[in-house]
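Presented sequentially are two complexes of subunit A, the first with subunit B as partner and the second with subunit C.
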Partner chain A sequence: MTDTPVFRRRRQWLTDSRRTHLFAYALVVPVLLLIIGLVAYPFGFAIWVSFTDRVIGSVGNFVGLANFEYLSRSATFGAAVSNTIFLVVVTGVLKLGIGLGLALLVNQQLPGRGLFRSFLMLPWAMPAFVAFLTWRVLYQPVGGGLNLVLTQTGIYPHVIDWLGQRPTAMPSVILASVWRGFPFWFISILAALQSIPKELYEAARVDGANAWQRFWMVTAPGIRQVVLVTALLSSIWTANAFEHVWLLTQGGPSDATMVFPVLAYFGMQTQRIGEAAAVSVSMMPVLLVLLIAVTAVMQRDDER
Partner chain B sequence: MEFVHPRRINRARRIFMSVAMGALLAGTSGFAIGQDQPYSGTQLTYWGGLIFSEEANQLLSDTITQWGEANGVQTEVVMINQNETVQRVSAAVESGTMPDALDLSLDLLMIMSRQNVFVPLDELYNRVGEAQGGWYGSIDLATDTTEVAGGRTGLPFGASGNLLLRRTDLLEAAGFDSAPGTWEELVAQAEAVNAPPVSGLGLALSNVGDGNVQVSVLQSYGGRIADETGENVTIKSDETRAYLTWLKDAWDRGVFPPGNATWDGAGDNQVYLSGQAAFIANTGSVGIAARNDDPELYEFTAYSALPAGPTGTISPITPQVRAVSATSDNQEAAMALLEHLSQPEFLQEYYKLAIYGPVLQGQAGFEAFNGEDPIHAGLLDLVQKGTAPGYPDVYNSAYADLMANFIVPKMAQRVVIDGWDFDRAMDEAQAAGQAIYDKY
Partner chain C sequence: MTVMSSDGPVRSKGGSVMSERQRMILGRLLSYLTLGIAVLLILFPVYWMVITSLKLPREIYRVPSLWPKAFTLDNYYTLLFDKNFLHPIFNSLIVATTVTVISVIFSAFAAYSMVRFRYRFKGVIGRLILFAYLTPGSLLFIPLSILMAQLGLSNSLQGLILVDLAFSVPLATWLLQGYFRGVPRELEEQGLIDGLSRMGALFRIVLPLSAPGIAAVSIFVFTGAWNELLFALVLVTSESQRTAPLALNYLITSDVLPWGPLMAGAVVSSLPLMILYFVAQRFMVQGLTAGSVKG
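== the complex of A and B ==
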């Protein structure tokens, strides 16, 4: 039996290479659909809604940049922008410092270090609302743990309203956020430290490098990629986190701790989801810049 | 206005009574309705608003369930934390999963009714009103959604509002036997008993609903949020300046508890229940909590109307309403259930357990409002003498939006936390308020 011309043409088109490619695409399609459905569509929809005057129960009309214009005139929005950036940067730096220090310490051959590692992970393992409500109790002016320690030990005889006054409100939120978030940095950096070959340290020591030089020339390059990824993830999480500010201060006093997610929540309370979406979308450029910067640095490292 | 302390009612007995009454009420109505059972075989979902009384919540749930059983309707009762009603209803509207009927606040009803989320209930509203001596004027006026929805979409079932709670043990020891009549007297009394760990004046200045009590203070000083048209914001005024002067003076005297600018919704409850405040403004839920958990504090608590300012007392009533969803497949049954829940037989028992004032004239004669219980007596007084929501301002969607953005508490925070001068704080509030009003 001989092949018909049509069948022959089909066989010529469907070469082994093409078949492999098609099979690969077929395998990717479900994931692609999942990403479109769970990431791209909600993301695109949020951007679209931010350009409408949509309220709950209505489709809304396209209003262009009106929502963003309204937000730009709001003092609360201005406070949310600066507070969010400040919170992300300061908590990031502090978590890096604490996480790196503890990781370097626990990476040494110390007795009971396994137990110590587990202990350090406790804040991360604790549900966020439990952690931040506990901090709220600690900060309470009357009967709060911090004031009790300060007054009972005579370190500071007066009660401090940690969350209720501008100079201490944001530092208090930062302290609680750092406490909850440093274990992620610690465990990530520890994992990176353990992947650095011991031989590099031996070689550096033989070459006469001191501790600082060993850290700067061997450790830092070895953990650089992990720190960058951790910084990116941690920044996104902190910028999007709602519960730390909401449970501690609800954005007050006088917008001293107002951040994007809390402001978006207030927008939702009035059913004006167009405005609420605009608040969330306003945050995207900042995170996008961070994302591009980190990705660029990592790519440059890879190319070296 | 002042009330004396009642006897404590045994809690277990009240739970038993509530369940028994639920069964009895549903049974009697079931006998009447069950003869033809027009809704037999249908399903009905009801979202009830959780309140600070376990017994009242149970009675509502049991009554609905038993009404369903008596009428052949398969009911599902979901009790919702009222702090989450906005989010839950918003999500349900967007996803098309609204319950057939629900409890909600007037603010949410007003906003949602603009989107035709609920069906008009005028006929039912009139029938219930006529049967029980008519609606209280303030309730009738406040819940009229005709302008935004073309009809009444809410059936009121209870009224709440802020009462002034005070510690009589502390105040009488300081020589104050009666409730303060003005805001100045309030500060004077608060200052007299202000000694750590007790703060005199436990009013919230934070971004929560309790912080909006400051709007009532501002209005009692003659200040207004907007003009008569309800379109132009008029926060910046000499009257507002007078209010801010009062506030700053009280703040400088140190009568406010530390942390009150960042309290959550339970902040004032907590300071009062822990004995750290001599005065708070509260709906009465604190009194219920004290009755159950701290009888001594309950004994030493008296309730009165909010103090007056130079232009009188502004004490807004907050009606709670029930509504029927426009997307419900079982609207007739939902309306029948709402009518059943408005019957005196049910509400007689419900009011004894709940922290609501009456909404119908005929309900004033209920046992709950006979004066034995100071909280209910205070709520009855509030309904009879209180002011409509927003009064003297126009209560519209822009006003509700401004309240939800806590513009007045934020202005107060600018003065006491940031030390801004009054003009600067008023300018910011005026601009922020007008930006909100311009959206409507």
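== the complex of A and C ==
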């Protein structure tokens, strides 16, 4: 036997379309492996660990729902749940209001609007850790700019320890988060506004619609999709953000600003990994709903 | 001039309807006023960061002032020499650069494959990429830190680089898909007819035409890795492996009232990124709206 038939068969097997397919798979495989190894596997592993009593140095045993039961009785966990929801909802509403308002203003034919746009994007260009460290200094009773402005202008004569007392801690975290987070909404909504055809406004005007009616009939439908995606993405990121609370208050005073990621990190520090994993896993159901919603919306966009 | 300008007939004091021109001027004035206040509120924290970094301790703590009487570079000196801040900055540069190069190369290949070819499981892979992009680090930091310990990579920059790829690769792949979709297929087919291989078409046609997109994605990935704090906090234990955000984080917890040097560190670690963003702003906005980037 010569090896000609084998050679011929191989050549038939490696047709052009197969070759293209192999090439396509070869290009995508490294990323696929990275995602499986660094996201999918850890994701599943976190769920497994949350059902064990793992601590540093010991793999631990399967304990069923014991970690979750323990958490459900913990006051700190309760605080983290309600604070996270509160933070997501309030910052979301504020960022939408401010982002939309400013986008509408900049969308006008104002001289100098490019300059305003640049300035309004500044907090987004700043690294998050820099932004929140700066706000931490701003809020200080000693050396903080906020108290200084309030006392020197006579708006409020007394120095306030913004981050150190329960009533002001959460609003302070919210203010800093909104400051850092609204540009993302602003720029997304502005882009959507600019893609609305001018003729629609003209047509509405000819039909006798006033400004309010034009907003609801032309502007609102034009930006609805972008607002929806931004709201979903922003909810996921805010609920899972660590820096804002960590760098401002570390969850204090007495859990007034405690949120999921900070609580999970504290769990890690106390070396009770099973419980720490249970903290982050217990936000998975809500997260999954948001993920599926946003995936559906974004892929719909994408295939359009 | 869509919504804010004319709110129906506005009546002036005499009861007569204001002229179109008067209303337009009033609308503009109000717009400028609102925008001006917004810009002031945005700039004040930035101003406070810069000014605090230039103040003497006396003017930070004892006689606080909005505008310091004396300017000093002492805080920068303390930060760079006593606290040796250049070392964490250098670590951050290594991590962020490596993460950017690795993720942009691999993601460009994957994104090109996803956009140009049809094959089985493509839909599943696409969904997996988007899912991975949206999966937050707060969910992954515990298992990843265990994984890095098992691989013997805890407390090393290599471990940090590997862990950062968990968010940067899906992000870059997702964004690059958007950019590659904008490259006309015909140009590539013409290249193939002219004798380019598939790989050649990718390198000679698709990548050059998506250069602005690749620049934007690189900046996003670099920024993400530069800013990363949570992973660094759980992985890195020794001072020599600290990144810039980590070093500043430990500055608050170790010193008493280190506001001067802290703000100097904030300025030093944000300056390069802010300059980058202002130079590349146009690409950034396109990128942001093309694929939605973590804010």
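Heads up, the rule we're going with is that the second predicted complex is superposed on the first by the 250 of 304 C-alpha atoms of A that agree within 3 Å, B and C clash if a C-alpha of one lies under 4 Å from a C-alpha of the other, contacts with A are read in each partner's own complex, and residues count from 1 in each chain.
In this section, a contact is a pair of C-beta atoms (placed from the backbone, for glycine too) under 8 Å apart; a residue touches a chain by one contact, two chains touch by 3 or more.
Note that the coordinates shown come from a computational prediction; the quantities given were computed from them, not determined experimentally.
Trainee: Have a look at subunit B and subunit C on subunit A after the superposition and call it: clash or fit.
Mentor: clash
Trainee: Just subunit B (first), just subunit C (second), both, or neither: which does A:164 touch?
Mentor: First partner only, subunit B.
Trainee: Just subunit B (first), just subunit C (second), both, or neither: which does A:140 touch?
Mentor: both
Trainee: Return first, second, both or neither, reflecting whether A:21 touches subunit B, subunit C, both chains, or no partner chain.
Mentor: Only subunit C; A:21 stays clear of subunit B.
Trainee: With both structures superposed, pick whichever of subunit B and subunit C touches the larger number of subunit A residues.
Mentor: Tallying touched residues of subunit A, the top partner is C.
Trainee: Applying the touch criterion given at the start, work out whether A:149 contacts subunit B, subunit C, both or neither, answering first, second, both or neither.
Mentor: In the superposed model, A:149 contacts subunit C only, not subunit B.
Trainee: After superposing on chain A, which stretch of subunit C overlaps subunit B: 38-46, 110-118 or 146-154?
Mentor: In the superposed model, subunit C runs into subunit B at 146-154.
Trainee: Which residues form the common part of the subunit A surface touched by subunit B and by subunit C?
Mentor: Dual-contact residues (subunit A): 140, 142-143, 247, 268, 273.
Trainee: So in the complex, which bits of subunit C are touching subunit A?
Mentor: Spelled out, the residues of subunit C in touch with subunit A are 1-8, 28, 31-32, 34-35, 38-39, 41-46, 48-49, 52, 60-61, 64-66, 106-107, 109-110, 112-114, 116-117, 119, 125-132, 134-147, 162-163, 165-166, 169-170, 173, 177-178, 198-199, 223, 226-227, 229-230, 233-234, 245, 248-249, 252, 257, 259, 262-263, 265-266, 269-270, 273-274, 277-278, 281, 285, 288-289, 292-295.
Trainee: Looking at the complex, which residues from subunit A come into contact with subunit C?
Mentor: Of all residues in subunit A, those touching subunit C are 20-21, 23-25, 27-28, 30-32, 34-35, 38-43, 45-46, 49, 98, 101-102, 104-110, 116, 118-131, 133-138, 140, 142-143, 145, 148-149, 152, 179-181, 183-184, 187-188, 191, 193, 196, 201, 210-212, 214-215, 218-219, 229-230, 233-234, 236-237, 239-243, 246-247, 260-261, 264-265, 268, 273, 276-277, 280-281, 283-284, 287, 291, 294-295, 298-299, 302.
Trainee: Which subunit B residues qualify as touching subunit A in the complex?
Mentor: Spelled out, the residues of subunit B in touch with subunit A are 86-87, 89-90, 93-94, 111-112, 114-117, 196-197, 205-208, 257-262, 264, 274, 276, 400-401, 404-405, 410, 413-414, 417-418, 428, 431-432, 435, 439.
Trainee: Using the touch definition from the top, list the residues of subunit A that touch subunit B in their complex.
Mentor: 55-58, 70, 73-76, 140-143, 159, 161, 163-166, 169, 247-256, 266, 268-273
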